[in-house]
Amino acid sequence: MAETVFAPWNDDSATPLIQFKNVTKRFGDFVAIDNLTQDIYAQEFFALLGPSGCGKTTMMRMLAGFETPTEGQILIAGQDMAGVPPNKRAVNMMFQSYALFPHLTVAENIAFGLKREGKPKPEIDARVDEMLRLTRLEKFGKRKPHQISGGQRQRVALARSLAKAPKLLLLDEPLGALDKKLRQETQFELMDIQEKTGTTFVIVTHDQEEAMTVASRVAVMDEGRIIQVSTPADIYERPNSVYVADFIGDVNIINGHATRAGDGYDIAYAEGAAKLHAKTSTDLGNEGKCALAIRPEKVSITAKKPAKSVNAVSGKIIDIAYLGNLSTYHVELEGGQMIKAQTANTRRLARRTFTWEDDVWLSWTDTAAIVLEG
Amino acid sequence: MRRFSLIAVPYFWLLVLFLVPFIIVFKISLSDTALAIPPYTPTLDVSTGWEGIRNFFAQLDWENFTFLTTDDLYWKAYLSSFRIAAISTLLTLLIGYPIAYAMAQSPDEWRPTLMMLVILPFWTSFLIRVYSWMGILSNEGFLNQFLLWTGLISEPLQILNTNKAVYIGIIYTYLPFMILPIYSALEKLDASLLEAAEDLGCSRITAFWLVTIPLSKQGIIAGSFLVFIPALGEFVIPSLLGGSKTLMIGKVLWEEFFSNRDWPVASAVAVILLLILIIPIVLFQRNEQKQREAEGQ
Amino acid sequence: MKFRLLSAAATLALVAGMAQAEEVRVYNWSDYIDEGLLAKFEEETGLKLIYDVFDSNEVLETKMLAGGSGYDVVVPSGTFLQRQITAGAFQKLDMSKLSNHGNMWDAIEARTAKYDPDNAHSINYMWGTTGIGINVGKVKEALGDDAPIGSLALVFDPANMEKLAACGVHILDAPAEIIPAALAYIGEDPDSHDPEVIAKVEPILTAIAPHVQKFHSSEYINALANGDICVAIGWSGDILQARDRAAEAENGVEIAYNAPSEGALMWFDQMAIPVDAPNPEAAHKFLNFIMEAGNMAAASNYVYYANGNLASQPMLAEDVIGDPAIYPNEETLKNLYTTTPYPVKVQRTVTRLWTKIKSGI
């Protein structure tokens, strides 16, 4: 392989840019961050993903210097950040509200941080022009923030936070205020800019799709802890818990009892129903409670029982969600368990095979399902 | 029609409470003083028809306005009022801003109480509050007694009946008018703007100068006008708290009206005061307009 | 039905008319009557008395000249009364309704006739002098035991004023009273209307003005009583009130009043009925009530001012009739002078001079 994969977290010799060392943050009785240890490497695009209140914003604000850890240490480039105020950190933040100064023009907003450094004016002007170009805002430099669109404001905020060429850029829900289409476009723009500038990005988001799209690694958080850190593909394909599996994308969870069988487990999930089989490296011992996570797109739907499939169950279509490119079938198994199956709509609507109340077979391979601790 | 009636209400208000009284005062300013009821001439006598009306207008002249230019008392009084009003406004701003700032920074649940405390003095008559300052500031008053007791001074301070007392009175009376607009500007201020400023390299203090102050500018301007405009024509405070040397146009006006019984000259003084005030009032209106436009966007 | 409606309207009108007839509105100086008299008047006449107060002739005069004040009885001072009579503000009294008019003191009437010829429009309520009130202890402390407390030199001599400034001096904010006093001090006619003569007081008053804490016409009562100031040129009764307040407060402040030896202004507060009084009938009843010897005596005993009612004198308290500060003896009486109103042009000069003295501009 000629091309090296960007994965410093797998390289023992790489030194992390950011180190959280047993960091705990309490607000009164509330534990926002619970004894958290995590490394983030230079040039990473690191996403903190989780529901509101999970502690992701607190982590970011501690990096920016707006909050101080109650216990533990945060290091940036090896330097302990304790007692370093926000204005003395080589870290810039793009705020969720953008926090553009309404009394300053777009260009003045971008120049704001540069002026504080006391740089000569021509240098500042050149840098502002560069930033305006980078974010395609050349025409809007003289406008006030209230005179431009939401998407343009987002780009001004980005340009302003990048203007000082920080080592680390923090993005707090950067795309939250944009509509979906614009959001998708902007996601790629963000990645592009991140790549061009080589800046380390830490993004906070509650939108799993956004995290999956932009990030090199995603940290899924819950109640002040990081549940899983991995690449987007790993998070999706190999979640380490029901929480992560459920949080990322759509998933069917089947609870049951596992008994070791071959290189995996046989899972009994309903009385009288045939056991399911899944290959896995997860070790549950010889037997134990388990949860089976199967992505809907990995479930095939057929009218007749497939001949070869290891796992096949029958049921009745209760609901069909037509999403244009995809259709999701909600199928009720005999025991009452609901399973979602997704198919790509490669054919026109009129020739769709299944409809409500049809009896169908669902099937998946023995590697499609992930065995998790129940 | 509905639109028309909506606009008509404020215009009617303006007409009845501003324009009509102004026309009456303006008319008196063109009259001559007389020992009669009312004490000026001519008065409009409609009973003699057109002849009477023509006569009436023929007798009006600008004499009283030219008279005001013959004595330097008047422009000195205008100037002195302007200075006292300007200094008071500045001092009120310096005191009011930190109060408004502290209010805006205080926890949400405190704010209604703090707001209440600012408005509370209005529940007592203005006159009573000014009188109570006489009790506080007089030679044997609370302030002097307290300072003598603490040993900070050995002789009572002469504050009452000096300009110092006038400044104290104006600042005290108009402070809420400064605090409230600034507070409402600061309350709207997004805290993340200050964090952004800090994030971009500002210390807390520079962030205050570069972000908080410019963004509360509208409140500062509104508050300053709300203090300056009434302070310029203030009469009660200088006459109760000020000394004989406190020269303000309100007092000159009073003297023309009551001591000289010269309603026409008093009216001329009032007309000019109004013309002087129109400039800041128009500026104030434009500021409000600008603010509305900015918020409308 | 129609009839009943009419009668209802008639009843209403009658009731309204009666309510009108029952009221009498009096506008007098503040702190200028024994309030017991007000209740007594209502009791005796069955009229409802509405009693308002003012504290400056100028305010009263403005109301009179604007017209339609709604008052039935008002109490201007002599010079103001004279001007307002000229302006046509007052009606002639109907002597047939004033049975107590015989109680009036001819010595006072002779003087008030100067303002109101034949006393046709007014009766005298109170009169007094304008003189000097002092805080005895503080003045002696500042100027020694031989301080000229009975002379205008106490305030018009800058040497004295310099020493008194620290303890506080108030002067009436009334040019029509202070300019005559200053004229008397330099031996000129206090009632001079000659602008050149009046101009002579400027250097005297300008020299002392910086040492005057305040030119004001009512604050000195409290200020003297509290010990905030040590000297005031003011009205006799007001200073005596300050004396009593200080005595009541037992704050160690001793106040004394003197009519200056150079001559003192004698002034008169006259009760009159505005030309547009809503209820002149009741107004006459009020005047007649006031002229009752017992009532007038009660008023004087309360406010410490002399009155123009001869018949009331036997009923006056000893500390009123016997106090030469209130009822001057023959010798002092000769030394009192009266003034007449300034013509319009002179009035402007006087006001302007006064402003210049007070503010230096």
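To keep things simple, chains are lettered A, B and C as they appear, and every chain counts its residues starting from 1.
Keep in mind that, in the parts below, a residue touches a chain if its C-beta (ideal position, glycine included) is under 8 Å from a C-beta of that chain, and two chains touch if they have at least 3 such contacts.
Keep in mind it's a predicted model, so treat the numbers as computed, not measured.
Undergrad: Touch graph of the chains shown: is it line, ring, star, complete or other?
TA: Shape = line; chains linked end to end, path left open.
Undergrad: Name the most central chain, where centre means the mean of Cα atoms.
TA: Taking the mean of all protein C-alpha atoms as reference, the closest chain is B.
Undergrad: For chain A and chain B, let me know how many angstrom lie between their CA-based centres, rounded off.
TA: Centre-to-centre distance between chain A and chain B: 59 Å.
Undergrad: Round to the nearest whole Å and give the separation of the Cα centres of chain A and chain C.
TA: From the centre of chain A to the centre of chain C is 90 Å.
Undergrad: So, what's the distance in Å between the C-alpha centres of chain C and chain B?
TA: The answer is 34 Å.
Undergrad: Counting only residues that touch at least 2 other chains, which ones in chain B make the list?
TA: If we look for residues of chain B contacting two or more partner chains, we find none.
Undergrad: Applying the document's contact rule, which stretches of chain B touch chain A when the two form their complex?
TA: The contact residues of chain B facing chain A are 190, 192-193, 195-203, 206, 210-211, 214-215, 217, 294, 297.
Undergrad: Of all residues in chain B, which touch chain C in the complex?
TA: Going by the criterion above, the answer is residues 33, 35-39, 71-73, 76-77, 134, 138-141, 158, 161, 243-247, 252, 255, 257-262.
Undergrad: Can you name the residues of chain C that touch chain B in the complex?
TA: 56, 58-59, 61-62, 64-67, 83, 86-89, 168, 173, 175, 209, 212-215, 219, 223, 226-229, 344, 347-348, 351-352, 354-356, 358-361
Undergrad: For the complex, give me every residue of chain A touching chain B.
TA: Touching chain B from chain A are residues 64, 66, 85-87, 91-93, 95-97, 99, 101-103, 112-113, 116-117, 146-147, 160-161, 164.
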